[in-house]
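To keep things clear, I will list the structure first and then write my remarks on it.
Note that the chains take the letters A, B, C and D in the order they are written out, and that residue 1 is the start of every chain.
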Amino acid sequence: MYMEVPFYDLDPMNVVWHGNYVKYLEASRCDMLSKIGYTYTDMMNEGIAYPLATMDLKFIKSARFSQKLKIVTTLIEYEPALIIRYEIFDAKSDELIFKAKSMQICIDAKTGESIYSAPVKFVEQLEKYE
Amino acid sequence: MYMEVPFYDLDPMNVVWHGNYVKYLEASRCDMLSKIGYTYTDMMNEGIAYPLATMDLKFIKSARFSQKLKIVTTLIEYEPALIIRYEIFDAKSDELIFKAKSMQICIDAKTGESIYSAPVKFVEQLEKYE
Amino acid sequence: MYMEVPFYDLDPMNVVWHGNYVKYLEASRCDMLSKIGYTYTDMMNEGIAYPLATMDLKFIKSARFSQKLKIVTTLIEYEPALIIRYEIFDAKSDELIFKAKSMQICIDAKTGESIYSAPVKFVEQLEKYE
Amino acid sequence: MYMEVPFYDLDPMNVVWHGNYVKYLEASRCDMLSKIGYTYTDMMNEGIAYPLATMDLKFIKSARFSQKLKIVTTLIEYEPALIIRYEIFDAKSDELIFKAKSMQICIDAKTGESIYSAPVKFVEQLEKYE
């Protein structure tokens, strides 16, 4: 996914405030799920959700106003948990500026109980996608 | 309501980014509703909501990191719509730094239809509060 | 400008939280200034800034997750103040969902003093753009 | 530090959107630094900054609207890097809902170069604080 750093994400050091990267990760994850063909909307319709369990962030370089970023999102594992790796590069120089890894656990949206197998439709879409 | 400007609300000019005042207004409105005794949770339980219809913002002075702010919230009208006025002052000098006015319309949370009379419980609490 | 509603901008009613529209306005304003050829970066380099003085928001319809939005930004006036009108439409149906108007005053970034004439370079770019 | 979950931090699941915890960590870190007597303002005045290098987040329970939270911030190490541990509890039940750890590296704000010893004033304040 490509994006451009908006002004409202900057802090007094004139760089992206560190917490805003979490938004970029989510946007990129939604973009990947949309390409796979299994979106947040599909999850809601099936009565499941994938809340975040852990997230590790590594800040390597600062991103600046109107900088073009490339976010590479890689699905590492989908059972028993969804593990995704993220790398954010400067879109021009390909310099790595940020890395992250997240783990999400599938739950029943009503009861909150964990489900350790991925939804059938998700697996079907993943098999087509790979 | 009193609050202190957090670092993450600042922009590259080292002042509160203008859009963040909308959060302060909501926090202050929730605080007022809590004192009245009719909160967002009460609204949800009664199946109604009060989405914003209009909001007018006037930016007078800049607010800075760790500045103490005093937010004065005044209920102007509650029927046919909820009209609230907000004034944000520097808590020490009492200098006015921001003004706003909002209008919210009561709706049925399921159908989305407008309701031009305030909920009975809200009116009861308002009468006790005034 | 076109955009897609991100998940992180939604509130418990499953619609865009009202304060997030202010971000969309800024993104659209930056996009317009970039097309005019006079960006926030140009302003900073010339030692000026255009802080918001007033902003009027009208919330007409709710925007939902992954909805495509079209933001139309119109420069109404640039002297003595920058007045911009914004309209947000559903990109498919062209239904109007939000309207706003902002006024920004040019200031000397160091002294904070108001400047009632637009910067020469900005006017030059505006004349080419129109 | 104590805080109350604001409405604008909630997501469609009616719980705090995961990325918002990063704001709570910063607020709590600033509060701790203020008690130590060495704030972000002191850092700026000394020409240094402490950008985040890594941050690990563990989401244990969901936090809900108007829930009172207690954030316990512990300084683990300040040389060669600032390592802080955070625990967020429900203020009433003392149930743990979130954990995190951050590492920040001291840099010269102008050159961006890393400084592996903590500023003298910071160390002095730390010695008084402990």
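In this text, a residue touches a chain if its C-beta (ideal position, glycine included) is under 8 Å from a C-beta of that chain, and two chains touch if they have at least 3 such contacts.
This is a predicted model, so every value here is computed, not measured.
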{"item": "Farthest chain relative to chain A (centres taken as mean CA coordinates)", "value": "B"}
{"item": "Between A-B and B-D, the pair with more C-beta contacts", "value": "B-D"}
{"item": "Averaged-CA centre spacing for the pair chain D and chain B, given as whole angstrom", "value": "28"}
{"item": "Euclidean distance of C-alpha centroids - chain B vs chain C, Å", "value": "23"}
{"item": "Centre-to-centre distance between chain B and chain A (centres being mean Cα positions), rounded to whole Å", "value": "33"}
{"item": "Chain C, residues touching no fewer than two other chains", "value": "7-8, 19, 23, 26, 65"}
{"item": "Contact footprint of chain D on chain A as seen in their complex", "value": "13, 18-19, 22-23, 26, 49, 51-59, 62, 109"}
{"item": "Sites on chain C touched by chain A in the complex", "value": "6-8, 23, 26-27, 30, 34, 39-41, 65-66"}
{"item": "Of all residues in chain C, those that touch chain D in their complex", "value": "7-8, 10-12, 14, 17, 19, 65"}
